[in-house]
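Pasting the structures here.
Two complexes come next, and they have one chain in common, chain A, joined by chain B in the first and chain C in the second.
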Partner chain A sequence: MAIKRLFIANRGEIALRIVRAAQALNIETVVAVSDADRDSAAARLADRSVVLGPAQAAKSYLDPRLVVHAAKASGCDGLHPGYGFLSERAILPTLCAQQGIAFVGPAPDVIDSLGDKIQARAMARAAGVPLVPGCDGVATAADARREGDRIGYPVLLKAAAGGGGRGMVIANNGDEAEAGFHRASAEAVAAFGDGTLFMERFVPEARHVEVQLMGDGKGGVVHLGERDCSVQRRYQKLIEEAPCVAMPDHLRKQLHASACALAASVNYRNAGTCEFLFDVKRQEFYFIEVNARIQVEHPVSEMISGFDLVQEQLRIAGGAPLSVTQDQVRLSGHAIECRINAEDTARDFMPSPGRITRWAPPAGEGIRLDSHMSEGAMIPPYYDSMIGKLIVHAPTRDAAIDKLDAALADFRVEGIATTIGLHREIIAHPDFRANRIHTRWLEQVLLADRKGAAA
Partner chain B sequence: MIEIDDEARSAITNARALLDAMLAGGWEQVCITGEEGDYFLARVPGTPNPLLAPAAVALPAVEPASGQQTSVGSQTHTVKAPHVGTVVWIAAVGAVIGKGETAARIAVLDETMEIAASNAGVVSSHAAKIGDLVEYAHDLVTLVA
Partner chain C sequence: MTHKTNVDQPVDHVRLLMEEFTRSGIATLHLRAGNFELLLSNDPAAPSLSGAPRTGQPPAPAPMPIPQAVVAAAPAAPASSHAAPAAASNGIPDGAIVISAPNLGTFYRAPKPGAAAYVETGGKVGADDEICLIEVMKLFTAVKAGQAGTIVAVLADDGAMVEAGQPLFALVAD
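So, the complex of A and B:
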């Protein structure tokens, strides 16, 4: 049954985004807030807000019982978790089901199995999705050389019992594999009491590519193309693009087919993202994980497809089938998104909470801003530092970069430090324009150059 | 290498924000008291920790951890909801409530929580009724000492 009143268990720009999507579908909205977010843009726009608890997320947004109780007691028949917070915790859909609330997301068992890396890899393997080449249970140095030769160098030797980087060695050839085995195994024995290792191919300059999926839990799965999210700092994405122009068409088709096959194998319901590592040199891609929720970077897929993913999520959670077939999905042009964070990039990206004294965002054709900020708004220090996402769309990547540069130049924010200047530096860099980037490019090249210049 | 989960990362971010504010604001000392512990930060190493000094330093008044407020002048004391919940019981007007005794109960799903008064008093009024969905820090009952 279609959702009539939606509870939004999130904050910031995504809460506002969900309120707007719900309103477009004539769904009433109740927004959960913490004490620090009583006056948030989402709370003001929604029909009602409910203060769950104090500012600390653990006592408000991260308490599933408070969230579901507030949803039920405020008469909601649907709950959208947004991203982060409780969005990938199976307890939330479990409690929702007990209270007769439609959860805007996958079934709890699907969240659990996709959230478990080992199970997710097994499911991917079963669905024919490529995994990083590797092997389990390397017992001797001779095994390490033989498997390294088979997998292809460089390889990573890791402690089977380990984690946290201990017992981990990179080997570039057979000799290094043998020597590395002795070192990694000794470290693993010392750290974990178990010298068993496993090996996998190491991709030094990988790109992060992901496929946007939408499934209805009734057998229907479509993809809305892929995104390239290779500009990252410490595994946090900063810039996302769609499509991944570094990937040739034949590989792109295989990528989409792999992601759809995995989603179909679990009869996936909801928006989701299948993440891959793209080895540009070898022209191969490998499964990383599935994110069973809407993602921060979903707008770039919306811009190239003209499809509203959040509205579709709400329709599907209300029991409707997919509103499009794969043949009806038309992707056009190029979109780029910059995450605008309240951080001081000159001071090791230190968070910069405080009051925004000036907020003058750019506007124009092909420019979209997803943000909960406004002049005078207060950025509390308790949560993520993202204050908005600037997205541009143009016919080509070059045109999109030009448009983005102009938009960033027009974006005036005062009172706090932001990443706007860094974004301009990134997109002005010849490597970005020439698309010679990888997941460690920002830290190894641009930020390293910055440090060098400052020294 | 130390593995950091999301919750810890969030805490570190907040601590960094606090340090940033401390440096930017020129503060010499910061005292934080809360349910999870008390913290003292000082810019100058060796600064005596006022949280350890027996009543030697007056700390700014903070709201009690249970989310209750006392008005000393009027001798009234308001018991507030520590989080969202549905009211299932409130002490009757005129009831005498001792310090630490239950003044109201709120339910979260199938679990009922007792909300204790942090000061003794007589219930003078209700600010919520049974069945109400009360939000965080919403007044429940007022006690007169």
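So, the complex of A and C:
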């Protein structure tokens, strides 16, 4: 049954984005807020807001019982979790089902199995999705050489028993694999009491590529192309673009087919993303994980497809079939998104909460801003520092970069520090223009050069 | 902010802040750290503390010498509620303290259906007395009075959903 009144269990720009999508579908909206977000843009735009608890997320946005109780008590028949917070916790759809509330997301068992790394890899393997070549039971130095030769160098050796960086060794050839085995195994024995190692191919310069999916929960899945999210700092994405122009068409087709096969194999319902590592040198891609929610960077896929992903999420959660077939999906042009954070890049990206004294964003054709900010708005210190996403769309990647540069130059924010200046530096860099970037490029090249210049 | 003065007690911190505030000529200083909140203001129309009731109208000027200091510190217990001086409006008597909901939930005045209410208007309570329940998906949390006194008004309906910070009772302290 179509959702009539939607509970929005999130904050910031995505809460506002969901309110707007619901309003476009004539769905009433109730926004959950913490005490710190009483006056948020989403709360003001929604039909109603309810205060869950104090500012600390653990006592408001992160309490699933509190959230579902509020949804039920405010008469909602649907709940959208947004991203982050409780969006990938199976308890939320479980509680929603008990209360007769439609959860805008996958079934609880699908969330659980995709959220478990080992189960997700097994499901990917069963669906024929390529995984990073590796071996889990390396017990001797001779094993290490034999498996290294088979997998292809460089390889990463790490303790099978433990996580983190302890006992991790990179080997570039057979001799290094044997020597590395002795070192890593000794460390693994010392740390975990078990010297068995795990080995996998190491990709020094990889791109992060992901496929946007939409599933109906009955095996029907469409994709809306891929995104390239290789500009990262400490595994946090800063810039995302679509399509991934570094990937040739034949590989792109395989990438899309892999992602759709995995989603179809679990009867995936909702918007979702299948993430891959793209080894540009070898021209191969490997499965990383599935994100079972709408993602921060969903607008770049919307810009190249003209398709509203959040509205589709709401329709599907209300029981509607997919509104498009794969043949009807038309991708055109190039889109780039910058995440604008309230952070001081000169002070190691220290968060910069406070009041915005001036907010003058760019506007124009092919320019989109997803933000909950305005002049006089307060950025509370309790949550993440993202204050908006600037997205541009143009016929080609070069034209999109030019448009983004002009838009960033026009973007005036005062009162707090932002990452706008850093984004201008990134897109002005010859490596970005020539698309010679990888997931560690920002830290190893641009930020390293910056530090060198400051010293 | 750093001070050379040696301050050990929270009350000394507040006194020091008040002195600095008076000297600085700043109109309003609002400080919040954990459960502690402090508002110093020369402006009678200054916004109330977050723990104080929101009446939809500017709070009445307090009959206190300027600068005025209002300190709201919620007890550390999980079932604690915010308590703050009430404005003289919404039927809340002068000098009464408002006891607010610590989180969203269903407000119950009695320990179980059909039982007598924990407290009626005019009833005396001790600081540790339970005065109502807040239920979140069958999980019941008791709210304590926080201060000894007399309940002078019940501000929410039994069985209704209350939001975090919503006034539940008005209490005149002993």
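By our rule, the second predicted complex is superposed on the first by the 455 of 455 C-alpha atoms of A that agree within 3 Å, B and C clash if a C-alpha of one lies under 4 Å from a C-alpha of the other, contacts with A are read in each partner's own complex, and residues count from 1 in each chain.
Assume a residue touches a chain if its C-beta (ideal position, glycine included) is under 8 Å from a C-beta of that chain, and two chains touch if they have at least 3 such contacts.
Quick caveat, the model's predicted, so the values are computed rather than measured.
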*Putting chain B and chain C onto chain A via the overlay, clash or fit?*
clash
_Looking at A:52, would you say it contacts chain B, chain C, both, or neither? Reply first, second, both or neither._
both
*With the two complexes superposed on chain A, say which partner A:453 touches: chain B (first), chain C (second), both, or neither.*
neither
*Taking the superposition as given, does A:35 touch the first partner, chain B, the second, chain C, both, or neither?*
both
*Using the touch definition from the top, say if A:95 reaches chain B (first), chain C (second), both or neither.*
both
*Touched partner set for A:73, first chain B, second chain C, both or neither*: both
*Touched partner set for A:353, first chain B, second chain C, both or neither*: first
_Partner touching more residues of chain A, whether chain B or chain C_ = B
*What is the contact status of A:65 with respect to chain B (first) and chain C (second): first, second, both, or neither?*
both
*Which parts of chain A are in contact with chain B and also with chain C?*
34-35, 50-54, 59-60, 63, 65-66, 68-70, 73-74, 95
*Going by the contact rule at the top, pick out the chain A residues touching chain C in the complex.*
34-35, 50-54, 59-60, 63, 65-66, 68-70, 73-74, 95
*Using the touch rule from the top, collect the residues of chain C that touch chain A in their complex.*
50, 102-106, 135-137, 139, 161, 163-166
*Where on chain B is chain A touching in the complex?*
1-3, 6-7, 10, 13-14, 16-18, 20-21, 67, 82-86, 107-109, 111, 133, 135-138
*For the complex, which residues does chain A have touching chain B?*
34-35, 50-54, 57-60, 62-63, 65-66, 68-70, 72-74, 84, 95, 99, 163-166, 344, 347, 350-353, 381-385
